[in-house]
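All chains are identified by letter, namely A, B and C, in their written order; residue positions are counted from 1 within each chain.
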Amino acid sequence: MDLPKIILRSAAPLLIGIPLLWIFQGAVGGPGGSETAMAVILMMAGINVILAVSLNVVNGFTGQFSIGHAGFMAVGAYTAAKITVATNSLEIVGIPTSVSDQLIFLFAMVAGMVMAALMGLLVGMPSLRLRGDYLAIVTLGFNEIIRVLIENTEFLGQATGISGLPKRTNIVWVGVAVIVTIAMAKRLLGSTHGRALLAIREDEVAAEAMGVDTTGYKVRAFVISSAFAGLAGALLVHQIQLCTPRSFTFIKSIEVVVMVVLGGMGSVTGSVVAALVLSFALEGLRDVQQYRMVMYSVLLIALMLTRPTGIFGTREIWDMIPKLRKKVSS
Amino acid sequence: MSVAVNASSQASDESTKRGWGDTCLEAKGVTMQFGGLKALSEFNLSLEPGELVGLIGPNGAGKTTAFNAITGVYAPTSGDVNICGQRVNGLRPHQISGRGIARTFQNIRLFKELTALDNVKVACHAGRKAGFVASFFQSKGYLDDEARITKRSMGFLEVMGLDRFRDERAKNLPYGEQRRLEIARALATGPKVLCLDEPAAGMNGAEKVALMELIRKLRDEFKLAILVIEHDMKLVMGISERLVVLDHGVTIARGKPELVRKNPKVIEAYLGDSYLEEQHIAIPAHSSESLLPAEPPSTESVNEVQP
Amino acid sequence: MTEFLQHLVNGLSVGTIYALIALGYTMVYGVLKLINFAHGDVYMVGAFAGLYIARGLGVDQEPSLAKAGVVFVGAIVICAALGVAIERFAYRPLRQRARLTALITAIGVSFLLEYGFQLPPIIDGEVPFPPGPTPRFFPEPFTRVDFEPFGVHISNYDIVSLIVAVGFMFALQFIVYRTKFGTAMRAVSFDSSVAGLMGINVNRVIVWTFALGSGLAAAAAILVAGSRPSINPLLGLLPGIKAFVAAVFGGIGNVQGAMVGGLILGLSEEYVAGYLLSSYRDGIAFALLIIVLLWRPEGLFGRVRAEKV
């Protein structure tokens, strides 16, 4: 196993991306007062991209129907929040606070992902043998149960939540997370495991007959998807500096479902584009807040009636531009 | 017009063995009961590598049910299924697939939105070495896997003459090509037993002849045992070395094609008893004993050769 | 003992309401294999329809049984029409599509109703339309009288509600199992394409199923409005989810299952909240949901349907 080569190959996007993000952050403003409104919108858009792409792994690649994504967001968010709040005044000997803060945040995010993944395993294992519409109901049910449990648990701040979170989220972190998420999805899609998921979506009986452990793979998809939802949750609460159950209701789950459907289930490109479009559109509609949900629902219905496959269907941008494809397949 | 088939069919059945290996499929007394309906009754079958066996019977006779029972889609209500000497009752289809049996479906079940190449690649999935996580990190083992899978899949596409369709979505392929793709996909799982469910459905005469040639070629090249469900009598008679005939889940005849086609019970099953009356064909009194060759009793051990 | 009986009465009261709403879910699922997410919001519209009619008739000044009857029937008719409209414009175009598409559309319709009713007023009045997010009050349709037989609190509202609800359930039972329409409905539930081939007008069956289901939801809303007069656009959220759970518990698609499921849910809520912890009342439904889906997804009266390979 040629370790240096593997690290180089797999981390290439990050090695290129991080310096670029750093420069970009300088341009639009980093945290600590100089953050512009544009930067805030971009970060929220980035978080939505992570949510949409991760949900696409289950709904789009594997063809299952999960509508409880916000529940896993909450698990990641609360885990990370608890860690950063508990360690807020902690200092690691020999390391300046600015660095240790970032390290702790990184640890908190990873911990959030792990907890969310575990929750995904817990929810997924019994549920994934259920038929489509039943799975939808169960995921919705678990979303609500997680929320209700949080609201009734003192340790988690109940309905008021946890406040005073340190502001750790910035353009670089969001950018890194987005890169990792998209890389994950793309690599999964191009691998034999990704093909197994697609096969399950296309025809579960045939997939099983060809040697694919359908239940095992559905659970895997669910776990991966939940982990990244947890990441998004952790990033979200460290941006708004507040961790309440109100951020993780069924409405949030549906917003993510709309993004995935709008972009095209099974298309990573579609999820990214739809997430960006909807994030910016929502910003633009901020003035007409009351009409926002009504327009959302009309959009949803119109979309389903006219173009249920979404903007991109199951196509990816790298399939549509053959020249790019050669470059991207590395 | 009674037909004495006992001794002669026994002898002729033995001649279909090629000695390419041990029994790779053995179904003993397999019964499928769905509530009040017995879809399959005491189904017995034994296959050795290189045998070409046809499974025929009128619609609803239980042929696809038999396929489903031996590939794990259904768990047999009673009876045993052994693949290459190992009992596979109750295992999930993907596990049974790994034991060496592959199938195609009556109504084509391709992965429609995937390319022809990807369809075949899915069947190679079980042979992968690198795990889920390795794919994220693009480790050498993972890259080797992908290269190997691509090469292997292309090989099967070429065998079936489909390599020019490699990047075409399966749903866009012409019907005949779709059927062949399903076979390529099944082959890619590396089976010892291949079950084809109405592979010629919807094909014209020329395509059927080509298919027959292809099936024989596949049998020779991959040393397979092939079980074929077909409704086209000319094709199945032409290609099968021996036949098993089902009607309402019950095996009513087995043996060489020439003999089975003259069997009054088989004729009755397909054409009805009024046809028999017209042709003045009578079924002998103790028909079940004299028309059927000796049944393999369920107490026999796995490795015994069956008539 | 009194406590036990009180819980019994309350449980039956709320259970029959759940049953009426659950019937709408189950009948629509039966004929269309669609979970009509918007059904709980049809219930809400029923409450508001009743409110507007009641105010129009001047019920708050002069309550009377006759006026109550008009309110009742009026709300049912309006909701039946609403249900038919939703089916015609949102679900029918998607009949041939994947079930997922229709499900998402149903969610869209649900949101449209919930948030549409929260918009700023278009038609003004003491209670404008749309009514907006502030809670409105349903006037008393007839004077409330309380009784206390055997120490159990019960009002004439509860009695009327129980009688009407049970009456409707019996009527529906009769329709589904003893009329030609009911047989047609069950045939469509079983296999809609074959039912069509047998000469059944499938579209008409579906339209009437929606009308019936929505009408029952409206009836439930009016029956409840007497004792719980505060209504708002999100009124249908909780009862909708609970009734849905009841339908799934009983076996979605099965009419008797919906009735039994509703009663069981109502009684369980009452008894658990009464004897254990009252704050977990709303959680009972979810617990029931998880239990049934993990133990017996087809529900109490449901049948497992094997897929033909």
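What we mean here is this: a residue touches a chain if its C-beta (ideal position, glycine included) is under 8 Å from a C-beta of that chain, and two chains touch if they have at least 3 such contacts.
Just so it is clear, the structure is predicted and the values come from calculations on it, not from any experiment.
Distance from subunit A peaks, on a Cα-centroid basis, for B.
Among the chains in view, A has its Cα centre nearest the centre of the complete protein Cα set. One simple way to say how far apart two chains are is to compare their mean CA positions; for subunit A and subunit C this gives 36 Å.
Distance from the subunit A centre to the subunit B centre is 45 Å, each centre being the mean of its Cα atoms.
We define each chain's centre as the mean of its Cα atoms; on that basis subunit B and subunit C are separated by 51 Å. For subunit B, residues touching at least two other chains, in rising order: 73, 105.
Multi-chain contact residues of subunit A (touching two or more other chains) are listed as 205. Each of residues 309 in subunit C touches at least two other chains. Across the complex, subunit A meets subunit C through its residues 65, 126-127, 130-134, 136-138, 141, 144-145, 148, 152, 205, 254, 257, 261, 290-291, 293-294, 296-298, 300-301, 304-305, 308. Put simply, subunit C touches subunit A in their complex at residues 33, 35, 90, 93-94, 97-105, 107-112, 114-116, 118-120, 241, 244, 248, 279, 282-283, 286, 289-290, 293-294, 297, 307, 309. Here subunit B touches subunit A in the complex through residues 71, 73, 92-94, 97-98, 102-103, 105, 109-114, 118, 121-126, 128, 132, 135-142, 145-146, 149, 185-186, 188-189, going by the rule given at the top. Those residues of subunit A lying in contact with subunit B across their complex are 1-2, 5-6, 9-10, 183-184, 187-188, 191-196, 198-199, 202-203, 205-214, 220, 266, 314.
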